[in-house]
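A, B, C and D label the chains in the order they appear, each numbered from 1.
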Amino acid sequence: MANLGFIGLGRMGRHMARNLIKAGHTVTLFNRSQAVVDELVAEGGKRASSPAEVARNARVLFTCLTTPDVVESILRQALEGAQPGDIFVDHSTIGYADAQRIAAMCAEKGVQFIDAPVSGGPWGAEAGTLTIMCGGDKAAYEAVLPYLQIEGKKLYHLGPVGAGTVAKLCNNLLVGIHAAALAEAFVLGTKAGVDPKVLYEIISGATGNSAQIERNIPKFIFPGNFEAAFSVDHLHKDVALAVSLGKDQNVRMLLGALTQQLLEEARAAGYGQLDEAALIRPLEELTGVKVRA
Amino acid sequence: MANLGFIGLGRMGRHMARNLIKAGHTVTLFNRSQAVVDELVAEGGKRASSPAEVARNARVLFTCLTTPDVVESILRQALEGAQPGDIFVDHSTIGYADAQRIAAMCAEKGVQFIDAPVSGGPWGAEAGTLTIMCGGDKAAYEAVLPYLQIEGKKLYHLGPVGAGTVAKLCNNLLVGIHAAALAEAFVLGTKAGVDPKVLYEIISGATGNSAQIERNIPKFIFPGNFEAAFSVDHLHKDVALAVSLGKDQNVRMLLGALTQQLLEEARAAGYGQLDEAALIRPLEELTGVKVRA
Amino acid sequence: MANLGFIGLGRMGRHMARNLIKAGHTVTLFNRSQAVVDELVAEGGKRASSPAEVARNARVLFTCLTTPDVVESILRQALEGAQPGDIFVDHSTIGYADAQRIAAMCAEKGVQFIDAPVSGGPWGAEAGTLTIMCGGDKAAYEAVLPYLQIEGKKLYHLGPVGAGTVAKLCNNLLVGIHAAALAEAFVLGTKAGVDPKVLYEIISGATGNSAQIERNIPKFIFPGNFEAAFSVDHLHKDVALAVSLGKDQNVRMLLGALTQQLLEEARAAGYGQLDEAALIRPLEELTGVKVRA
Amino acid sequence: MANLGFIGLGRMGRHMARNLIKAGHTVTLFNRSQAVVDELVAEGGKRASSPAEVARNARVLFTCLTTPDVVESILRQALEGAQPGDIFVDHSTIGYADAQRIAAMCAEKGVQFIDAPVSGGPWGAEAGTLTIMCGGDKAAYEAVLPYLQIEGKKLYHLGPVGAGTVAKLCNNLLVGIHAAALAEAFVLGTKAGVDPKVLYEIISGATGNSAQIERNIPKFIFPGNFEAAFSVDHLHKDVALAVSLGKDQNVRMLLGALTQQLLEEARAAGYGQLDEAALIRPLEELTGVKVRA
């Protein structure tokens, strides 16, 4: 059994860490707030009081944090406790340039960095069925593969550092656009008099369907329950990172750029902490329509 | 067995007419170009030389044409041969106001009009598995239901005239946005160095998936074969009709409006007659990337 | 002195009619609401009780109404009183295809139609300094030129019927985009802490200036007075007509299409009857910023 | 007479430096490429071989460079030669956060930083009529005011560091949107058959006018001469900085975001080094229209 570390025990990370513990590994944990650490320590995890302490106890360190700045700052601290040969695996969604800058920072201490963003939501994290998209050294990837297989089901090594991030940003760009698109279609149909439940039944079986429609309509929008599984703020960060990757790659991204602004709108309306399905709410309020069932 | 009529034997209509013939009905046919009529007559259909002649021979008349103008003009001609009590079922995708105007025109002659747009593509038309979304008098709908059950699998009566059209336009609005969105995501990922085949494998199993991704990427974009199953021109028409419905209903449709212009771009680039998957081509050309596999 | 007619005595038309009366012409008037007719009759105009009655008394008929539908319906009624050789001059902003359809309807009765939309606002109408953009028969244009010279200062004959409309729609497309653009710039600057008065002083003297900035900021936005000189509803109509002309001409209009939706947003927010400067209000409300001075 | 420094002798900087020399000041110069330094040395400037050398010889240092990264790197080098009490005045257009970060870096060495972006183009720089928008310490601003008065005519102190940048970004956001807007209007009008020269005459005197129309149409677009006075790349940088400021300030910027992508399109089409008026060229090419006169 291996000595692993996990930093960032939020909506996603807590499940991934628990699955690693359950599989019998020694997992040293750090999190800003302590309640979730208490819980996981009760299940066999080990508490550390700093990122550096985690790194001292772990040969493979996993992180699942928020923005690129947070990831960089935590990993800088972790590097103080790391040894040459250690591997850092980051499950947060960060930018392409961020991944490369952080990898360079790690390389200075002889640590290998793998960007390993995930898709599948808290449900997938809990079930261990995540899609994990990795970029980085192939041998390092293979070294951590046994642990990734505990966290997820569909594992990909896509190329050098940043490649996992690219795939993840492409996916979440689509998540953002699709979430904004379904808002337009369902508000329009409902306002024009069609029963939204039947509309959902039709579209979810037809050419206009998307994974977002299947996720957002029945679980969040119909019941009017926008408690965050994946927040507007996170999706805003990801779409902004995708549009920014477009800028670096000189790819025109009209729908992406517009969707970023619609996420900005939802944030300005006070919905940043709600689930991304709440992207429909500004339009509902503007038009006086509620897509509920 | 019933006396039916079918006008408009294009990519969709020919399959629907054939299925009605195969089911044993007497189907009188009219089409602008004759080759397809020859074919269907060989299989048991009856040729007519005008829309009015079709109407004289049919108690239920199906149409599957292109733009609202064409539908209106053909049905005006058909009305000359119709009898009070006949039912006209239109499978074309037209506008909400168009459906209502045409229904009023039919009502003057005692003919009932059902807007019955479909989803499922030529494959679905051939297999008889279409989704058919109907608006109009409930009794009239029930009268034609046996024939609709030959043409499709998922049949909906959604309300008064125009209700089927609303559902269809909501679906195709999503088709348009999703087709434009996948262009951005796959050009971005490919340009940033990820293998588009793996990207497709990942996204089609993840939260960014859409029916359009599953349709357009493997069947059209990867092989670079843009022969139309559903043309850019038709999708442009539909998205424009949806945006126009938004105007009537006072619903702000930012992504819809932008997508209409991207379809305009594809038309201006000369791709109007290609399959709607070709929406990716202007962006491929701008960025020098080809998403092929 | 000539026998003229004027129908549509709204914010613009009343001033134009008054100027024609003041110049000594016999002007027969019709308007839906009567208060303004009373006023102009007191100044020398003649009241008519229908469009046809105006047409019977006038060899040149001016209209300044709202939407294409209203113009078409009023002119259809007027044609009942018209004589071959009469000229109809329409100052409303309508669509390109509308102008051509109405001209054809007039031609059937031997009446010539000139589309003659204007720019300059109620101020320009009052001062007789309007820009007037005409399309139609050159000789007919020259026949009415003496009256146009009373209504405006900058007079253009741009080509056959519809040509005046094209120029006007291009201008108002810019009006719409510029009005939406200044909202973004001034809300951004104000939110980021710059005094909007100084910001206005700078930008109005710099490369970012526009006629809309000079109109909307000091007259409407700073005082927070959005009483309509030119309403959101009218601008929405015009931008929609321009985008629709783009569709006919197969010109991609991304900013135009987006601006149409922002006008839709302002209408949905209840500001349709306010001045178009109110396009800034949804963004002010979203961001909690007021650009006032 | 004062000891001044100037780094960045491009399209703008060369004129500003020359005006300072002409006014009798001792101006030490540095530029990456030397031809322009030769010229200005011949007119009385002093050549330095590094940014640090400029700083050693100057109590007030002006810069007019390109991107935030370049400004930061050059000023970091300059600080090595600076003395406490020196003032750095940056005329480049950089971001709000950039200005603050650079000011903090300067403050560590006792140097005061003033962000002082300009508007007016090479013409204004040459004529000494620039608008200069400053942020920073009020006393420092007053200390450099005599030199700013040589470079420009309209001088503003808008608040603490970053305030000048905010005003400039608001202005250039409008420049970008207006440049993209005129492309749509003039391509549309020309395609619909109106003579672009007359269209320009009308619009430039009407409510749709903008400073961009007066600049881009007669000087660049009509003659088809897109040699850069202000490049697409620079405008892209500025609009991206404005949209990014919107992100920091949580202001939805739909037209801004779209315009950034249109600039991306022009860059991808190979027009980054052309004048920003070339923003019309992708649309001209798409539609087959040339707005020339």
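What we mean here is this: a contact is a pair of C-beta atoms (placed from the backbone, for glycine too) under 8 Å apart; a residue touches a chain by one contact, two chains touch by 3 or more.
Which chain is which protein? Per UniProt: A, B, C, D = 3-hydroxyisobutyrate dehydrogenase-like beta-hydroxyacid dehydrogenase.
Not measured: the values here are computed from a predicted model.
Give me the set of chains touching subunit B intersected with the set touching subunit C.
Touches both subunit B and subunit C: A, D.
Between subunit C and subunit D, two touching copies, which fits better, same or different residues at the interface, with half of the numbers shared as the threshold?
Counting shared over all numbers used gives more than one half: same.
For the identical-sequence pair subunit A and subunit D, what's the CA-based rotation angle in degrees, nearest 5?
C-alpha superposition angle, subunit A on subunit D: 180 degrees.
Counting in whole Å, what is the centre-to-centre distance of subunit A and subunit D, each centre being its mean C-alpha position?
Using C-alpha averages as centres, the distance is 39 Å.
Can you compute the centre-to-centre distance for subunit A and subunit B, using the mean CA position of each chain? Integer Å is fine.
37
Round to the nearest whole Å and give the separation of the Cα centres of subunit B and subunit D.
Chain centroid spacing, subunit B to subunit D, equals 51 Å.
In subunit B, what residues contact two or more other chains?
Subunit B, residues with two or more chain partners: 246, 250-254, 258, 262, 265, 268, 286-287.
Could you draw the chains as nodes, link the ones that touch, and say if you get a line, ring, star, complete or other?
Topology of touching chains reads as complete, every chain touching all others.
What does subunit A use to touch subunit C in their complex?
254, 258, 265, 268-269, 286-287
Within their complex, state which residues of subunit C touch subunit D.
96, 119-121, 131, 133, 154, 156, 158-159, 163, 166-167, 169-175, 177-178, 180-182, 184-189, 191-195, 198-199, 201-203, 205-213, 215, 242, 245-246, 249-256, 258-259, 262, 283, 286-287, 289
Of all residues in subunit D, which touch subunit A in the complex?
Checking each residue of subunit D against subunit A gives 240, 246-247, 250-254, 257-258, 260-262, 264-265, 267-268.
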